[in-house]
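Below is one structure, written out as structure tokens, with a few remarks after it.
A, B, C and D are the chain letters, set down in written order, and residue numbers restart from 1 in every chain.
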Amino acid sequence: MIENGTKNKKALHIEDLSKNFGGLNILDQLSMSVTPGERRAIIGPNGAGKTTLFNVISGELKACKGSISLFGEEVIDMPNHQRARRGLARSYQKNNLFLNLSVLDNLALVLQRKHNHEGNWFKHRSPKAFPLLYKEAESFLESWNLAKKSHVKVAELSYGEQREIEILLGVAADPKILLLDEPTAGMSVAETQHMLRFLENFPVDMTMLIIEHDMEIVFGLADRITVLYYGKVLAEGTPEEIRADSRVREVYLGSEVSEKYA
Amino acid sequence: MNESLSILAMQVLNGLAYGMLLFLLAAGLSLIFGNMDILNLAHGSFYMLGAYIALSVAQYLDNFWLALILAPLLVGLISLVLELGLLRISYNRGHLTQVLLTFGLAYVFNDLVRWIWGAAIHTLTPPASISGSLEIMGQTFPRYRVFVVLLGFVIAFLLWFFQEKTRWGAIIRAGVSDKEMVGGLGINIHLVFTLIFALGGVLAGLSGVAAGPILGLYPGMDFETLIFALIVVVVGGLGSFTATFGGAIIIGLADTLGKVWFPEASLFLIFAIMAVVLLVKPQGLFGGRAA
Amino acid sequence: MMIKLKSFKIGKILLVIAILGLIILPLVGCGNGGSTNSSSGDNKSGSNATVGSTEPFKVGLIIPKSNVYATLGENLSNGMTMYFDEIGWKAGGREIQLLQEDEENDAQAALRKAKKLVESDKSDVLVGVVNSSIALAIRDYVDQNKVPFLVAHAGAVGLTRAKKSDYVYRISFTNEQVNFPNGKWTYENLGKKVFVIAPDYAAGKEQINGFKKGFTSAGGTIVGEAWPPLGTNDYGSYLQQITKAKPDAVYAFFAGTDAVRFVQQYSEFGLKKKIPLNGSGWLNAEDVRPAQGGAVEGVKGSLYWQLALDTPENKNFVENYKKKFGKEPSGEAVEGYDAARVIAEGLETLKGDSSDKLKVAQAWGDIKFVSPRGPIEFDKENHMIIQNIYLAETQKIDGKLQNKIIATFKNVKDPI
Amino acid sequence: MNRKNLLAMSVLFLISLVLPWVIAVYPLGIVIEILIYGIFASSLNLLLGYSGLVSFGHAAFFGIGAYTASIFAQNVSANIFFTLPAAVIVSLLAALIIGFFCTRVSGFYFLMLTLAFAQMIYAIAHQWESLTGGSNGLSGIPVPQLWSGFSFEDQKLLYYLILIVFLLVIFGIRRFIASPVGQTLIGIRENEGRLKAIGYNIRNYKLLAFVIAGGLGGVAGALYSYFNGFVSPHEVYWTVSGHAIIMVIIGGAGTLIGPTLGAGFLIILQSVVSSYTDRWYSIVGLTFIAFVLFAPKGIMGLISLLKLPGKKEVTQNFNVEGEKA
């Protein structure tokens, strides 16, 4: 599977990736790579193809052309569950949860896979039978201040709490690479701050790609930033470089955002 | 050689006639399912009601043509009332609830028809101008079937025109692909649904009347035809009258010709066709959209 | 995980028990209580009918009362009611009760009903059944549980051949019996080459088989066969096969909607003018002729009874039936009428003693009388009725389409 | 399991043990049918209620089980240690093949594809006369035996056999659903897309559910042939699949005993009502509509409404309505 040295070192390597819907190029021969442990923010105006990029990386959409490799392994033809099994996890822009299940059961679906219990069809899934799984679930819920809600149906939680679980389901898988699609979308300022603290505390060796509109998070969190514009990479660099890039300011930061952060 | 060719031509014509009946029946079902996402298992009941109402109209007014017009309209009215009174509540309850509701309705209608018209077998008699037979290429062909084929083409054209060339048609087309958009255009989506459902009823009723002289009227005709209509919808694909038309002709021909060529397998054949279509092209042979 | 276990809360379980109780209680009730839908007054509960008992004699009738075959069931039931009315619902000193259940065109439901009639309602005998597969299912049950069963319509040959039982008698017909004599007649009167067509299911095969036995042993040749599926919409393609085979005549078995469609299309496709259509009598029976319209004119069919049968017994029967029910009787009405008579006369010969079920059944076997359909008796060998078969042609008489009897085959046995 | 539960369970168990001795033969027969259809509806519930897969062709497995058991009983041996495994194996195999295709599509297409396969099986049952007896079906099937000399001639014995199988199936399903795999199936019903993104190979799970449901459907079919002693193509017809769906919905989709309650309700409704009136089609139909209007979550939904106030129940997976469009 080793193809070449540089590719092998990358957590994510994308080359010449294209995706079109009905003749419209959403991703246009896009190439980028992310090194292990890196925090990479993906920004760009609406319609730049950010979420589509995530969907193609995770395998929920099939690329028309190009290559994607995870830690040196080509995954372009793999269905999404196989990519997940190679250490890819994600969260969604719109909450995408098991609404009628309890918080604990939501989390357990992630953890039982991580612990390789997902083929067990004869043992009652209980703390007694799967102590490690439940201990881990407990500590997750504890640290996310959700312990009291563990038996509550997700549908009955507040939006902010649901949003936290959305992220938790991604990170609980202990992924090597995590894609976060606007983790703070729709959150209040306080909730955003709360979320930011979680994000900062994620394991350092976890590679993270984050789509975000909140520039405070982007500039506070990211090691590097990729700016997408109509399916192409417009610019890539450290936060400082991006802040200084005139093209970026023109297409993206040019409006109200630039006034605040420039 | 010439003879066997003309026989084949006639079988094809038979298949077309049957396909037209299926088209009228399935067009409404496909429209309702494609637009409203409602699997209407009472659709066969509309077909049956059309036939029986036509029987009464034809008896009292002694006029087949009036029955052909009045009965479908009455069925449309019944389906309108049903949509407003009952179906509306099931819109957001998922398919299972709709299955239960419409299956319950089908049971009630089945019994109601038997109550009102009895369990005896009836048939509709077409007027002399379209009964009897024609001689084409030395083969005898029943005139009424030719009429059904023509009727099918006319209705298909009208529906196509309605869908492609009128504002309401455009709304319905939009509804198939994107419900939210229709709502966003400031159109009362409920009104659209009601009208679609009523139109589906009218078409099923028309199909019942048209089928009366060929297939007869009997208890149980509702459930029998329902399955055929579902198959046509699947094989043709959702989304447009053209797709349903294609599906209906394929199934009409396959069923008719299959019964000649492989009579033992005829129970098997159309389901096998449906299975193959579902596996190879799930959105239907002529459909644009996956449900 | 504790949350799972809590789904079995005590309150819920008690509720489930309560619901189960509500479901079961009425069952227990009807198990001990005897019939709940008896037709007349004196209804003491008690389970074992003693010798020379004054207990009502209960006749359990299983017929289709819903869906496709409801009319057949209704006519059968009418026939039985009519006979019992005539004798004042009494025979052998016992009151007769008729308990009716819906066959539902579903063997399982029908078997359930049979069990209910026997086990819960304590029926002394079972009668009826239109569908052959249902009759075969009930046959095993009555054979095991020793309940006399008088088959009043179903025609599967096996019931009185391979699967004959000491407890099963048949007052109706077999699928072969009604066609067998017509075979020879067809050979002699219509031609040596015949095309046969019938629906592709057991009864269809048996009907045609009966014809073939008579026809080929007389010297005829079958020049073609077609087996359209049951409920075929469009016979056009089969009719073309027939045209191509150029037979002297067509012999068909179709009933109900199939008969309407086939006969109509036979005429529509212009075959009626060229090739005579003969068949079993359901092809032009009373129940399908109104729907068939003019297409049925000239069609011939053989059956165990015809409305036009000119005997005092039949005229009397038809007249009384019309008076009572306001419509003309059908073959099923005659079956019901005769079945009721067999049951009543059987009880009469036993002087009301129905304690020995085998004797009840055997008593049927000795009964002989002249029915509206002519003289009938049972074949001792297989418990199958021996009867006349009438060949009738539909003709326009006084501007009205009617069946005219053109040949009578006397005392026909089941052609084993 | 706590003490109260244990008590209630034992009461229920005792009732079921003494039942044959307190009720008459005919009602016992109805109870047996309810148990058989309870197994059948519960097996469908694995798909429809727990996994969210609306199968419209479950009768295929009922029929395959019934025909296999009958054919083996007639031609080889009526020993249940032989006929029952044979029925299960053949229906498992059939489910594997049919499921392999059906799990490729979803939603309405899954429904129609299962219908298509079931109708093809029906056509085979109807046409393959030498094997299946054609439209007349197979009758005179020998009474099942435990060993030669010990047969289930007595309905009471048969009741116990079927009760044991029923309990095994229900507790088996309960355990299976509580297992990680079972919980994954519920996850499929709730949100298939997310589950894939978490790394589950959904198709395998669906296929597994389909195969297990098919196997259990075959068990129900085999028991049916023991009880009735005959089998006809009607048992494979789509109306039987439709009835099973209605049993599940009326009882409560995605609940453990709901489908059995639904089976009981429908069987009793049908057999009682049809004895009293020829209008039973209307009554049954109106009952369905009434359920939609007044008890959308079925009998189990009604029961949970009746729950004593104060005893608040935490969320648990069994009671979740399986209705995601």
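As a working rule, a residue touches a chain if its C-beta (ideal position, glycine included) is under 8 Å from a C-beta of that chain, and two chains touch if they have at least 3 such contacts.
Bear in mind that the values here come from a model prediction, so they are computed numbers and not experimental data.
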item: Distance in touch steps, counted as few as possible, from subunit B out to subunit C; value: 1
item: From subunit A, the most remote chain by mean C-alpha position; value: C
item: Distance from the mean Cα position of subunit D to that of subunit C, given in whole angstrom; value: 34
item: Chain centre separation in whole Å, for subunit D relative to subunit A (CA means); value: 42
item: Length of the line joining the C-alpha centres of subunit A and subunit C, rounded to whole Å; value: 72
item: Per-residue multi-chain contacts in subunit C, two or more chains; value: 1, 3-4, 66-67, 70, 200
item: Interface hub residues of subunit A, defined as touching at least two other chains; value: 102, 124-126, 151
item: Interface hub residues of subunit D, defined as touching at least two other chains; value: 126-127, 178, 281, 314-315, 317
item: Touching residues on subunit D, where the partner in the complex is subunit A; value: 175-176, 178-184, 186-187, 190-191, 193-202, 208, 314-315, 317, 320-321
item: Complex contacts: residues of subunit B adjacent to subunit D; value: 33, 37, 39, 86, 89-90, 93-97, 99-101, 103-112, 114-115, 223, 227, 230-231, 234, 264-265, 267-268, 271-272, 274-275, 278-279, 282, 290-291
item: Partner subunit C, residues of subunit B touching it in the complex; value: 3, 7, 10-11, 14, 17-18, 110-111, 114, 118-123, 125, 132-133, 139-142, 144, 214-220, 224, 255-257, 259-260, 263-264, 266-267
item: Residue ranges of subunit D in contact with subunit B within the complex; value: 48, 54, 101, 104-105, 107-109, 111-113, 115-117, 119-120, 122-124, 126-127, 238-239, 242, 245-246, 249-250, 253, 279, 281-282, 284-289, 291-293, 296, 322-325
item: Complex contact set, residues of subunit C against subunit D; value: 1, 3-17, 19-20, 23-24, 26-28, 30-32, 37, 65-67, 70, 101-102, 104, 106-109, 111-113, 115-116, 118-120, 132-133, 136-137, 139-141, 156, 158, 163, 200-203, 230
